[in-house]
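Look at the two complexes coming up: chain A is in both, with chain B in one and chain C in the other.
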Partner chain A sequence: MIISLLIGLGVALGGFTFQTALGGVNRKIVARLQKRVGPRWYQEFIDIFKLLSKRSVSHGWIFDFGVIMALGGIIGTAMFMPVTSNILAFPSFDNFFIFVYLLAVGMLGMAMSASGSGNPLASIGVMRALTTMVAYEIPFMIVVLTIIKLAGTSSVSGIAEFQQMAGNNWFMIALPLGFVVAVLSLMGMLGKKPFETYIAPAEIASGPMVEYGGKQLGMLFIMHEITVFIEVSLFVHLFLGGAENIWMFAIKYFLVYAGLNLVSNVNGRFKIDQVVVFFYKWPLAMAVVQAIIAIYLGWVI
Partner chain B sequence: MNSTRFTERNKEEIDRKWWEIGDYFRRNSLWMLMYCTGCCAIELPPAMTSVYDMERLGMGPMATPRQADVLLVTGYLSLKTLRRLIYTYEQMSEPKYVVGFGSCTINGGIYHDSHAVINRLDQYIPVDVYVAGCMPNTESVMNGFVDLMDLMKSKKADGWKRYHTNYEWYRENQIAALGEVKVHDEFHE
Partner chain C sequence: MANIELLILITLSLGLLSYVLYHFSPRLSSALTILGSFFVFGSVLYHGYIGSFDVSSTLLPYVSFSSSALSIFFAVIITFTYAMVSLFNPYFLKTHKAGNVHNLLFLSTLAFVLGVLFTNHFMTMFFFFEAVVWTSLFMIPLKGSKSAAIMYYRFSAFGSFALLGAIFLLKANSGTFLITESLAVVDGAHQLVIFILLVVAGMAKLGAFPFHIWLPEVLGKAPDHTSALFSGGLEKLGAFIIVFALVRVAPVGATFAAIDLAWSRYAVAILGALTIVFGTLMAIRQDDAKKLLAYSSMSNGGYMLVAFSLMNSISVMGGLYHVLAHALASVAAFLAIAAVARQTNTTKMSELGGMIHKMPITYMVYLIAIISMAGIPPMGGFISKWLIFQAVINKGLIFVAVAVFFGSVGSFLYVFRPLAALFLGQELPQYKKTLKEAPSLMLLAMLILSVLNIFTGVFPTPILKVINTVIVEMGMNEVVLTTFTIEGFNGLLHPGLIALVFMVGVFVAFVIFISLKKSKKVGLMDTYTAGNFIYTEELMHYSVDFYAPLERLYEKYIDIARNVYRSLDHKIKEFARLIKYFIFTYKPEITAFWVVLILILFLWGDIA
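And then the complex of A and B:
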């Protein structure tokens, strides 16, 4: 039990370190895209430790408690995440729905804390974040339920092993339409550019984060990095066949994250109603068509 | 505003151990809040984009005063904007730094005889670095940022401490210029 807990904390901490380093590398990639030199690759670490070293004001105990709840909930979620087929803290507790439920704890903590600050822009940001979530969850869930039906298990490592078995393709190839839907949903989950509506720095002053400064903002940054780690790892396990060893995992993770960043940086930003209409039009239709093709007609490559 | 009023000195004693390490992180990750009311703001886009690229120094724009470390006052300040500048400055989380752009923040510049414009910024809030010129070119703006980092390294960028120790003096000047520093609207009553 203690060893499982230690492995889980190791996954959370390792995921944070890996994602933060990768975030810095991606800032450098984006800088090269814009013909700039870009920051150092460890810039994100400097940013986070600087924020933790600053003094900050509080807006009441809900404001502080919500931040701690968000960070704790996300670390708790990351502990269940399988990294490879062997590195898995709690075997048989890596069900897909556990991640869906536990991710909500972190999000609710952040929503509570942001509302506790009393700033109207924070409330607008939280409302937009929840609306975006309603938009991308439905197409994404249809695709994931298709995968669960095909693989016969809802365990994330089980789905990854199903794809590694002889005779089965990665779901990226087996379900091409669903893969496109999942990429779009992942961009919504990570808050990448066309779906960045709830951050919108120039419009609602970075939305939920508007009143945070210093230590609270530093904790939210750590929470954000671990959230990105969870979401991209889920994607790697569900669609890219998981990973046999840790290097394959790192390579797949990097390709997914860097690719999304490149797509994100040549896009503008949708309005919130455009986000909802976008997700309910083509991705939803494609997800339903993919489910019918895969389950009822049995056309799986 | 109450929370930034400085009464206890013992916070600093706790911080001192980590101050040296924290200084490295703070000077390599300066997040700016741009108070762009004057014409010197036009020098900031080339400093941020691919020509001079301030992100390689770890600097970047931020959306709100709570998140920012350094306040850029770009140019002249009328009495109306000075009031907002003081609120903005007091909302920033410490340690905080101020960079004054152009000759308007030093001695009034070409607006020195205007009735609606303040002449010396450092009578109202403490300024760490001035970038002189009307207007300063982008090289000197970048130079000003590097100077600020050097001052932080040698512990001379202590404007936020001076604001606490000389708070009465600053407040007297603010009240003399503005008449009254409180606003009366639905958020402050």
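And then the complex of A and C:
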């Protein structure tokens, strides 16, 4: 058990390091897209460690407690995440729903802490984040329902292995409509444009994060990086057939993350109600159509 | 107390005694109520667990009892709700219009609920059901709202008539009023009608769409702690009836081939899905915290409907566990709100803020309750929702799944709102001086509930094993359980492991937090305001129209169900006036005419 917990913590730490480095690389890529030079690839590490070392202010115990709960929940979620079929802390317990719902503990902690700061701008940011969540989550879960039904297991590594078996395509190909929906939902989850209304830089004073500084902000940065790691890895395992070894995983992860970043950077920003209407129009319809085609009619490529 | 009849009679007489005692000492009367409620709960739990109930009946005429695993399961949940709410009673009686009858009504409903759950005769059950309605009815207007009580009575009466119709048809079908025997042989032409009537009766009691109108009215306007009783206790009687209709009666009608489910059950599942969606959407836009929780009760009732209609061990286990998890969570949430309302005299979120600074324990109780209610691990609500998801996915019910997932994510939205607007945010000046933490008895009830909310999420298998006996009793296969894990259709769940990993994560985060430099503490008004100077707390508190952008998308459509009922109401009144005009007039000659005509009609066959 101790070994498993240590592996889990290793996955969380590795995921954080990998994603933070990749985040830096992506800042570089985006800079080139905009004909800038861009920061160095390890800039994100510098930012986080600078914040952690600074003296900050606190708005009461719930402000701090929420941050601890947020980071703790996310670390806990990351500990369940399979990287390859072999690097997995708790075999057969990496249930899909654990990721969705344990992630929510972290989100709740952050929302609580932000509201506890007493700043209305933070509460507005939280409201927008939750509204965005109710929009992107449902189409995504319908697509995952289809996947679980086809694969016969809700274990994330099990779904990845199912795609690696001979005769099965990756779900990216097997469920093309569902894949499109999942890409859109992933952009919502990661808070990429056009669904980045809850952060909305230059509009609502950086949303939920407005009151943070110092170690609290640093910890929330760590939390954000691990969240991105969880969401993108989930996507890799569910749609891109997982990974046999760690290099395949890194490549697939990089492609997904960089691709989304490029798409995101040529988009504008939706208003919050437009986000909801958007997700309940085409993505939801496509997800339902995909589910009907795959489950009731059995047409899977 | 092993004898059910004696238990019921003693509870009733304790109720009368508490009524008499109230006139000498309200405090003593409340103490008696608490003792009585705990006595009933203890008896039900102890004798239910070791299976030593005495069902003989010697004192009451025409009444007979039997005890089954299902009735014991429901009885434990409901009597526990009563015991917890009873601890709140002493603090609320003074605010009531007629505080002296409250304890009497409280204990009488408890006694009659036991009657409903343990009788083996349908007519007795109907009698006890009506008794529950008639006694609980008068608990609603104690805070001053008669309209809610009338609404409750109308929908309850509708449900009761449906139940009575079903009972008569069952009797015609099987020739007996005994519950188990008559439910076993439902067949023939009456089958569909019986099914529909039973489902309607259950849904009316549960407050499911389209019979949901009364639920927010009653839970919103009843005395603050009584709302917890309705949500965690009396509403669950609806689920009890639903189990009769959906699990104990054989499926009715043709089967929907693609999902291997009878159409009639699929229709109920769709109604459950609609209940979830409507409950969630309405809960999101409430300003009154109690009404918000009321709509969330409605939405959770939808989960029970979906679960019971799917007809396999996993889903029924999920449904039964949801009854328990939701009772614990919603009672805790309602009681936490009641603890706040006792001091502030309002439950409107737009008038409250910053309660956490004076009531931190109440806040933690509410937090744990909503984590469970939103189905987030490591609380009880996650286990039941996981089981229900398993069943829904396994059947491939896509449209129901949309609603189930929507309700689940939507619940984050509405449960967060009281958290943010009522407990967190700016500390409003009008509450800064006067507010105190809740008194010890109330804290005791809330802490017990919180511990149970966590326990049901971390180590659910002992309770699930009990539910397994209920499932086996109803003729289904056991769900595979080990000491720590639950096996669903497509995966294993290890709730203890999730809790452990979560604790490890929090520990790591805590170590990071304390090993860094200490923060400087600043006030809540010392925040970033984009260069404006703001000195009043209200202006810095975001609580009105919290989800305005989302609400704007559907606020046009929210009154449809209510308007349908209103126009139905109007039509019925119109029809009644017509009848009154032609038949019950003041003119004697017209009355005489009708009397003669009706007499002729009655005597027609005899004369000819």
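A few notes on this one:
In this text, the second predicted complex is superposed on the first by the 301 of 301 C-alpha atoms of A that agree within 3 Å, B and C clash if a C-alpha of one lies under 4 Å from a C-alpha of the other, contacts with A are read in each partner's own complex, and residues count from 1 in each chain.
Just so it is clear, a contact is a pair of C-beta atoms (placed from the backbone, for glycine too) under 8 Å apart; a residue touches a chain by one contact, two chains touch by 3 or more.
It should be emphasised that the depicted structure is a prediction, and the values quoted were computed from it without experimental measurement.
Annotation for chain A, partner touching more residues between chain B and chain C: C. Touch criterion not met for A:22: it reaches neither chain B nor chain C. In the superposition on chain A, A:228 makes contact with neither chain B nor chain C.
By the document's definition of touching, neither partner reaches A:238: not chain B, not chain C. By the document's definition of touching, of the two partners only chain C reaches A:145; chain B does not.
Looking at the shared chain after the overlay, A:49 reaches chain B, while chain C stays out of its contact range. When the two complexes are overlaid on their common chain A, residue A:187 makes contact with neither chain B nor chain C.
Of the two partner chains, neither chain B nor chain C is touched by A:177.
When both complexes are overlaid on chain A, the residue A:37 reaches chain B alone and has no touch with chain C. Residue contacts after overlaying the shared chain place A:153 against chain C, while chain B stays out of touching range. With the contact threshold set out at the top, residues 53-58, 205, 210-211, 214 of chain A are in contact with chain B in one structure and with chain C in the other.
Residues of chain B touching chain A in their complex: 3-4, 11, 15, 18, 21-22, 25-26, 28-29, 31, 49-50, 53, 55-56, 58, 61-69, 92-95. Across the complex, chain A is touched by residues 258, 354, 356-357, 360, 363, 367, 371, 374-377, 382, 386, 389-390, 392-394, 396, 398-399, 401-402, 405-406, 409-410, 412-413, 416, 419-420, 424-427, 488, 490-494, 497-498, 500-510, 512-513, 516-530, 540-542, 546-547, 549-550, 552-553 of chain C. Only residues 27, 31, 34-40, 43, 46-47, 49-50, 53-58, 201-202, 205-206, 209-214, 217 of chain A touch chain B when the two sit together in their complex.
Within the complex formed with chain C, the residues of chain A that make contact are 5, 8-9, 12, 52-62, 64, 67-77, 79-80, 90, 92-93, 95-98, 101-102, 104-105, 107-108, 111-112, 115-121, 123-124, 126-128, 130-131, 133-134, 137-138, 141-142, 145, 148-149, 151-155, 158, 205, 210-211, 214-216, 218-219, 271-273, 276-277, 284, 288, 291-292, 295-296.
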